[in-house]
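After the C-alpha cells below, expect a handful of questions from me.
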Amino acid sequence: MSDTPLLSIRDLSVRYSTDNGAVKAISDFHLSIDKGETLGLVGETGAGKTTMALSVMQLIADPPGRITGGEILFEGQDLTKTSEADMRKIRGGKIAMIFQDPMTSLNPIIPVDEQVAEMIALHNKVSKEEALKRALAMLETVGIQPDRAGEYPHQFSGGMKQRVIIAIALACNPALLIADEPTTALDVTIQAQVLELMKALKKKFDTAMIMITHDLGIVAETCDRVAIMYAGRIVEEATTELLYADPSHPYTQGLFASIPNVEEERESLAVIPGLPPDPTDMPKGCPFHPRCDKAMPRCSTETPQPVVREDGHMVACFLEGGDA
Amino acid sequence: RTSKHPDTLVVATTYDAKTLDPYMTNDVASSNAMRQIYETLVAIDAEGNVVPSLAEKIDRVDGKTYRFTLKKGVTFHNGETLTADDALYSLKRAYERGASVRHILGVIDPAGFKKIDDLTFEVKTKEAMSSFLAALTHFGGGVILNQKAVEAAGDDYGFKPVGTGPYKLASWKKGDRMELERFEAYHGTKPEFPKMVLRVIPEASNRTIELESGDVDISFEVSSLDVSRVKANKNLELLTLVDTATTYMGFNCSKAPYDNEKLRQALTLAINIPGSVKAVFRGNAFPAYGPIAPNVKYSNNDLQPSKTDIKKAKKLLAEAGYPNGLTTTLWTNSKKVRVDMATIIQAQLKKIGVTVKIQVLEWGAYLQGLKDNKHELFIVGWTCQTPDPDMAVFPTFHSSQIGGNNFAAFGDAEVDALLDKARITPDGAERKALYFDIQDKLREKAPWVFLANKKIAYGMQNYLEGFTPSPYGFHALYEVKMKK
Amino acid sequence: MSAPFIQVNNLKKYFDTKKGPLHAVDDVTFDINKGETLGLVGESGCGKSTTGRAVIRLLEPSSGEVLFNGSDILPLPKKEMKAMRAKMQMVFQDPYSSLNPRLSVSEIISEPLDVKGLGSSADRTQRVRELMDIVGLGSRLANAYPHELDGGRRQRVGIARALALNPEFLVLDEPVSALDVCIQAQVLNLLDTLQKEMGLTYLFISHDLSVVHHVSDRIAVMYLGRIVEMADYKTIFNAPVHAYTKALLSAITIPKPNLDRERIILEGDVPSPINPPPGCRFAGRCYYEKIGACTSETPALNEVSPGHFVACHLAEQVMADQMQGEAKAV
Amino acid sequence: MQTKKNSLWGQVFGRLKKNRMAMMGLFILFALLLTALFANVIAPFPFDEQDLFATLEGPSSAHWFGTDEFGRDIFSRIIYGSRISLQVGFVAVGFSVMAGGFIGAVAGYYGGRTDNILMRLMDILLSIPQLLLAISVAASLGPGLLNLMLAVGIAAIPQYARLVRASVLSIRDQEFVEAAVSVGSSDLRIICRHILPNCMAPIIVQATLGVAFAILIAAGLSFIGLGLEPPTPEWGAMLSGGREFIRDYPYMTVFPGLAIMITILGLNFLGDGLRDALDPKLKN
Amino acid sequence: MLGYILRRCAMLIPVILGVVFIVFVMMYVTPGDPARMVLGEQAPQEDVDNLRAEMGLDDPFLFQFGRYVYKAVVHGDIGRSYITKRPVWDELMTAFPITLKLSALAMGIALLVGIPCGIVTAVKQYSIFDNIVTLFALIGISMPVFWLGLLLILLFTVKLAWLPPSGFDSLAAMIMPAVTLGLQSVAIITRMTRSSMLEVVRQDYIRTARSKGQKESVVIRKHALPNALVPVVTIAGIQFGILLGGAVLTEIIFSIPGLGRLMVSSIEMRDYPMVQGGVLFIALAFCLVNLGVDLLYAWLDPRIKSQYT
C-alpha cells in the first residue's frame, strides 16, 4: 500500500430530511481506497450505498440531502470543501460514476455518441469534431461499432446501454470509477459480458474502482477488497479472500446464508429475521441488534467500534476481539 | 387641430355592411354605405319631407299611378347613362328578388309599369298608398341600379356595386374597412374629400379613443359614457339626434293573462318610465309617449309618458283578477340596455306583487320564440324605416300582421279600421287626426308599454362641418366639408 | 402416471406490430404435473412472461392448446373463463408496480373476493385476515398502503391476493427479481412452504439461474420465443446440452473468490423477434461448430434422454462428446 | 383490526399540511365556501336592491366596493355571486373532468379502434364553436344554471379526455392493472378503481386553471339565453357587465376580477400542493 | 414518415364528415330561422316562408346534409353566405389568414414567455420567483381580455402613442392583440412547463449529465428542457387550435376582422353555409395542428419518431 490512499473518507455522515423526520443515510463512515484497487461495497437496499457514492461526487440533492460531517479526501483534497466550479472539473475528469439503471441513465433524445462526446469536450480542450472522433473510439473500445454510434438509446439493448454508460464514465480516463450496481438491471449473459469488459478496461486504464452491489458473486469475481454495509455504516471490511473465508459479523454471515447456492444441495434458505431498521428511527446501539441472533444486552446500548485484526480484517461487533 | 389625413374622410362605424346589393339586405350599416354610392328617385330633406332626387319631377297621375321624369345626363359609375329602363328594372327587381325590402315597396304592381320615353316612366301601385313615395326614399328599397352592371356581375353584384352616387367603391376589406373614392362624373355637387373610408370599430370605447387621437374624423354611436368626454374635448364636436325607433315592452295580447286589458294597464301604471329611462340610458334617451317616435310625421308631441300610479295599478290588478299579483316571464335579447331595462322593470313590478322572471335570449331564438307565440312579456324595439307613420304603426298593430311583426298579437277592430283608413288618406289634416287618434287608442288599450326613444350621439372633429345625421341611420357623409 | 395437470401444446403468441408480427412465443410445448414446479429461464424479452400470461389466458394466445386438468381452456367463453380464473393465478414480477398504490392492503387482498362476490363482507374480512396470516403479514398492516411496505411484504401481499380464491396453479413471474437477497430468501421459503402445505403447482419464471435451481423440479430454458432445453434441474445443471444453456450456466456468479472459471462470453445481441432468422434462432451467437441445418431448419425439441429435451441439430454430437469427455475424466 | 381508515388521504393531508402554500390555498377556498354559505349574513345589502339615486358610486364606507349602474352594492353582489360562480366553476369543471376523464380512460384503456373513434370524436367536439354548442344546448335543453354548466362543461371535455388518455397509456401497462384482470375484474371496475385514481396529477393542474375559464366563459354565455336570469349576481357576468364602464368606473370590473383571481389562486396553491402530495415519486 | 403523414391525412375525412354532420344536427335543433335572419325582423312572414322554401330549408334533414356533402365533394362548392351572398370560401379566406397571423403571434409570445418562466419556476421550485411568476400567471388568467386590451390601448396608444389602436396589417398593430390573446396561454404554458420540468429534473439521466461535470445551466437547457417539452407541445397544440377558432373578444376590442367575429356573427345570423364552412376550416386547422404537433413530437423525441414509420 502506498502512503496516501487515492480516496479516503473519514467520519462521513449524510442526512436526508423527509416528512417523517431526518434519515441518517450514512453515519460515522470510514473508507479508503488505493490507486488501482477495486473495492466491493455490499449491502441490502437502503443501506446507503448510493448515498455514499453521490457524496463522493458531491451530487447529493440538497435539499433534501446534506453532508453533516466528516471529510472526503481525494488526492489529499477535501471534496466537501471544494467549490462547485472546481468540483465540476473533478466530476467526470477524475472521478466518474456508473449509475444503477442503464435504462434510465441515458438521455433518451440525444444520440449516444454525442453523450460520450459531451464528456470528452468538457474535460479536454478539443474541438467538437475531435471529441466526437474520440467518442467513437471509446465506444469501439466497449464494443459498440461506429455504425451504430449515432443511434439513440432506445435503439440499444440494455447491455449496450450499459456499455455506453461505461464508455462515458471511462472517456476521460478517471482515477476513480464508482460503479453503482452496474449489472443488476441486466441479463445474466449480458452481465457476464459487461463484467468481463469492466475487468479488461480496469486493467487497461489502471483505474481504481468502487463496485457497489448486493451480489456477493460479483464481488468474489471482481474485487480485491470488500466492505459490508449495514444501515449506513461499514460493519465488516477485509480483502475478498479473508472475508469470504471467514465472514465474521453476524450480518455478513446471514447474508451469505441467504443466497441460494447452485453448487450445494438444496435446502431451505437461512434467512435473517426481520427487516432493515427504519432509517428515521435507528435503534440505539448496534443497528443490527434487533435482528441479530447473537445479540447481547450491551448491543442495544452501545455502538460497537471497528476492531481491526492483524490481517487487516475489520469487524464492528462486540463479539470481536478482546471484548467478546 | 388639423386632419391627420386631409384627403380622406375617415368614419368609424359599428358594423360592416353586409352587401352593397340594395335589395339583398335591409340593415342600417349597408344602407349607410349605399347612401354614399347610390341614389334614390326621391329623397327626404332635413324636415322629413319627400323631395326629388334622381327623379326631377314626380306627378301623381291618379291614386295608384305615379309618373317620374328622370334628371338628364346622370351617369353611372360604369359610364352608362341613367334611363327609364334602369329605373323600371330596378323597381321590378326590388319587387321580385328583393325579399329583404319587398315589404317596403310591397304595394308596387310591376304589371302596371310603363316606359314613356328614355327619361319618363310610370309606376303603378296595387292600392292607393299615401306612404308610397316615402317608401321610395329607403336605401334598401328605392335605389336605382344599372341594369347592365347588375346582369354582368350576377351573384357577385353585392361586391361590384354601380350607382350614380357621389362616391364609388374602391376596395372593401370585409369586417375592417370600405374605401370609397370620389366619382368625378357625379351629376350633383361633388364631395370635397377625394376619398372616404368607412371603418368598422365594434368596441364603442375604441371608437372614442380613435376619435380623440384624431385617427378618425367622425364616429358613430358614441356610447352614453363617452358623451361627456367628447363634449369636454375642445377638438371634438358632439352631435345628437333622436332616432325613429321606439323601445317598448310588449304584452302577448293573444293569450292569457295579457289578453286582459286591465292587467296590461295595471302593469303599465306600475312602471316608472322616466326614472327607468334615466337610469338605463343616462340621459341619452327620452321616455317614449307613444308608438310613433317624436321625429316621425304626425307624432303627437303633446302626449306625456304615462304616469306611475301604484295605487291605481294595484286596483286594476285586483279588478283584472289578480289581487295577489302574478308570476310572469319577461323576454329580452342580450342588448345591454334591454337587459338593464328588464332588470329595472322587474324591480318595479315587484312593488305591485308581480314577480318577473327575466329570460335573456339569443336573437335568433328570440325571434323564433316570438313567432312560435311562446312569449308573455317582451322587450324589443321597432324602427320606423321610412319617413311615414304607417311604417311605425301598421306592421306592429294591425291584426293582419299577427304572426308577423305584430309581436304583441294585438287585434282590435277599431284600431284596424283607423290604420286601414290612415294609410290611404292623403297627407294633410285628416291623416294627421287619424294618426293622433291611433296614438290615443293604443295608449289606452296598452298592448305595449312605450319605454324610450334613444338619442344617438355622433362625435366629429371640429375642423369639419356639414354633417347632418339622419334619424334613419344612413347619413349623407358626402356633404361633410372642412371648415373654412 | 396420470395425465399431467397442465399441458401446453404448440402455444403461439404473435403480437401485431407496425413492423410485422412479433413472434413472442413460438410453438411452445410443455407440461407440469400436480404439485410440481417448472422453472422457466431465459433472457429478457425471450417470451417468458408472455408464455406465463398466455397459459392462464391473461393474453389470448394466437394458437395452441392449454389443457387444465385435461380440458382445453382456450375455447372457453368469457364467462366460464372468469370462473376458471379462480383456479389459476399469477404473482407478478414487480412488487412495486403490481399493487395499486391507492388501495390498502386489505382492499387489495379482498379484491378477488369482491369481484367474485363471495360471502358476506364479514366473511371476506375474515378470509383476508386468514390470508394475511398464511403469507405472514401482521394484521396491523391491513390498513397500510403499499408504499408503506418494503418489497418483501409487498410481494407477500401479491401472493396473498393470488391465493385468495384458492387456486391450484400459480404462475410466478419473476416474483423475487426485484428483491434484495435477504428478502428474496424469505419469499422463496414462503413459496416453498405454501406449495408443500396446499399442494400448489407452480410455473416459476426467472432469469436468475441460482433461484430457479433452488425452487424447480424441472427447468425449461427459453430463447427467443422457443424452448431450447428442458429437463429436471439436476440434468440441466450437470449435463446441459444446448449451447445457450451452457452459456447461461457459466454466467452464474458464485460467491467464492479466485474461482477462475472459464466463462462463455456470448458475442452479439439477441436478434429481433420480428422476422426471426430462419433455422435455429441461437445460431447467430452459437459457439458450436455449425452445420448447414443450423441456419436453414428450425430444430425440433427432441427427447435426447428420458425427460431431457433439447432443440439443437447438434445435440447428439454434443452428447456424444460429453460422454467421451466424462469417460476420459474417469 | 385497527381503524386507520383513509390513511392514504390522511398521509396526503399530512404532507399537505407541511406545504404552506397549499394550506393557504385551502384556507382561501374554505373562506370562499363560508362566504357562499353565509352570504346572506355577510352581505350588508340584498344583491338586488336598487338605488337609482346612488348609481356608479366609487368605493366608500357605505359601499366598500362602490355601486353599479343600478346603485346596487357591488360588495354584496360579489358575496352573493360566490354562490353561483363557485357552483358554475366547480360543477362545470367537475362535469368535464368526469366525462373527459371517462372518455380518455376508455380510449386509452382499450386502445385501437375504440381509441381512434373516441379521439376523433373529441377532435370534432373541439372544432365546434362554443357559441354554437351553447346555443344548441340552450335550445334543446332550455335555459338555466344547470344547462349553462353543462354547455361549459361539454366544451372542455376533449382537453381532459386527451390528458387522461395520455396518463392512462402510461398506467395501462402497469402490473396492478393486469393483476386486476387476472382476478376477473370487469373493465369498468378496472378503469374506475385502478386506473383513474392513479392519473390525477395532470388533471389537477388543468382543472385548477379550468375553473377560471369556466367562470369567464359562463359569463359570456349568460347573454345568449343560457345563463342566469338577471339580477342574479355572478362574477363573470359582473365582469362583462362592467365592460362599457371600464374607462370611467374601473372598480366595477376590478372587484369581480379580484374575486375570480383569488379563487383561482387558492385553487392553484392547493392544486400544486396536492399534486406534489399525491405524486408517488415524492413519497419516501 | 411520409406514409404516416398520408395516413393521418386520410383520417381527416371521417373527422371532417363528422364535424359537418354534427354541426348540421346542431343547427337543425337550434331555434331561429335563417330566412328570417336574412330578411330582417321587419319582413312579413310570407316572404320569409317563400325564402325558406327557396333556400331548401324545408327539405328533409338528411337530404339537406347529403346535398351539402355532394356539392362540396363533387363540385368543391361549399356554398355562398346567406347574408352577404359572397362565396363562403372567399369570406373565410379573408378572415382566416388574419386569425392565423394573430394566433401564431400570440402563440409565439406565449411560448417565448411561458417556457422560460416555467423552467425557472421549476428549477427554483417554491422560491420567491416561483411564487411571483405563479401569481402573474394567475392574474393573466383571471384578467378579462377587455380589461387588458383597454389598458394596453390607453397606455401604448393614448399615452405613449407608440402603437396603433387597431388594425392587423403591420406587426406593430398586431402586438397588442397578440399580447392580449397570448396572456392566457402564457399562464397555461408556464404551469405545464413547470410541472413537466419538475418531472424531468428528477430523472436519472439528468444526474448522469451532472456527473460529467456539466454546468447546471447546460444541464437544464440541453438535457432537461427538450425532454420536458413533449407535454408542453401537446398543450400548446390544443391552445393553438383553440386560438385558430378565433378569439371573439380580442377581435372586437382591436377591431380585427378575424374568424372569431365572423363565426359569431354567422351563428347569430343563422348563416348556415358560413357556419358550416367555418367549422370545416377550424376542424381542418385543428387536425393540421395536431399533425404538426405529432411531427414535432417526432422531432423532439426519437423514440416517438420510431413509432411513426
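Here are some notes:
We call the chains A, B, C, D and E, going by the order they appear; numbering starts again at 1 in every chain.
The definition used in the following text is that a residue touches a chain if its C-beta (ideal position, glycine included) is under 8 Å from a C-beta of that chain, and two chains touch if they have at least 3 such contacts.
In this text the structure is predicted, and so the values were computed from the model without any measurement.
Common neighbours of subunit B and subunit D under the contact definition above: E.
By number of C-beta pairs in contact, B-E leads when C-D and B-E are compared. The geometric centre of subunit B is 38 Å away from that of subunit E, both derived from CA atoms. For the pair subunit A and subunit B, the distance between C-alpha centroids works out to 89 Å. Subunit A and subunit E have Cα centroids separated by 53 Å.
Mean C-alpha position of subunit A lies 50 Å from that of subunit D.
Annotation for subunit E: residues 30-31, 146, 150, 154 touch two or more other chains.
Looking at subunit C, no residue sits in touch with two or more other chains.
Multi-chain contact residues of subunit D, defined as those touching 2 or more other chains: 135, 139, 246-247, 284.
The touching residues of subunit E, when paired with subunit D in their complex, are 11, 14-15, 18-19, 22-23, 26-27, 29-31, 126, 131, 134-135, 138-139, 141-144, 146-147, 150, 154, 187-188, 191-192, 195, 202, 231, 234, 238, 241-242, 245-246, 248, 263-264, 267, 275, 278-279, 282-283, 286-287, 290. Here subunit D touches subunit C in the complex through residues 1-5, 7-8, 11, 174-176, 178-186, 189, 193-194, 197-198, 280, 283-284, going by the rule given at the top.
Across the interface of their complex, subunit E is touched by residues 57, 59, 87-93, 96-97, 99-101, 104-110, 118-119, 122-123, 152, 154-155, 165, 168 of subunit A. Taken in their complex, subunit B has these residues touching subunit D: 204-205, 223, 225-226, 229, 275, 278-279, 334, 336, 339-340, 342-344, 346-347, 357-362, 364-366. Contact residues of subunit E toward subunit A in the complex are 203-205, 207-215, 222-223, 226-227, 300-303, 306.
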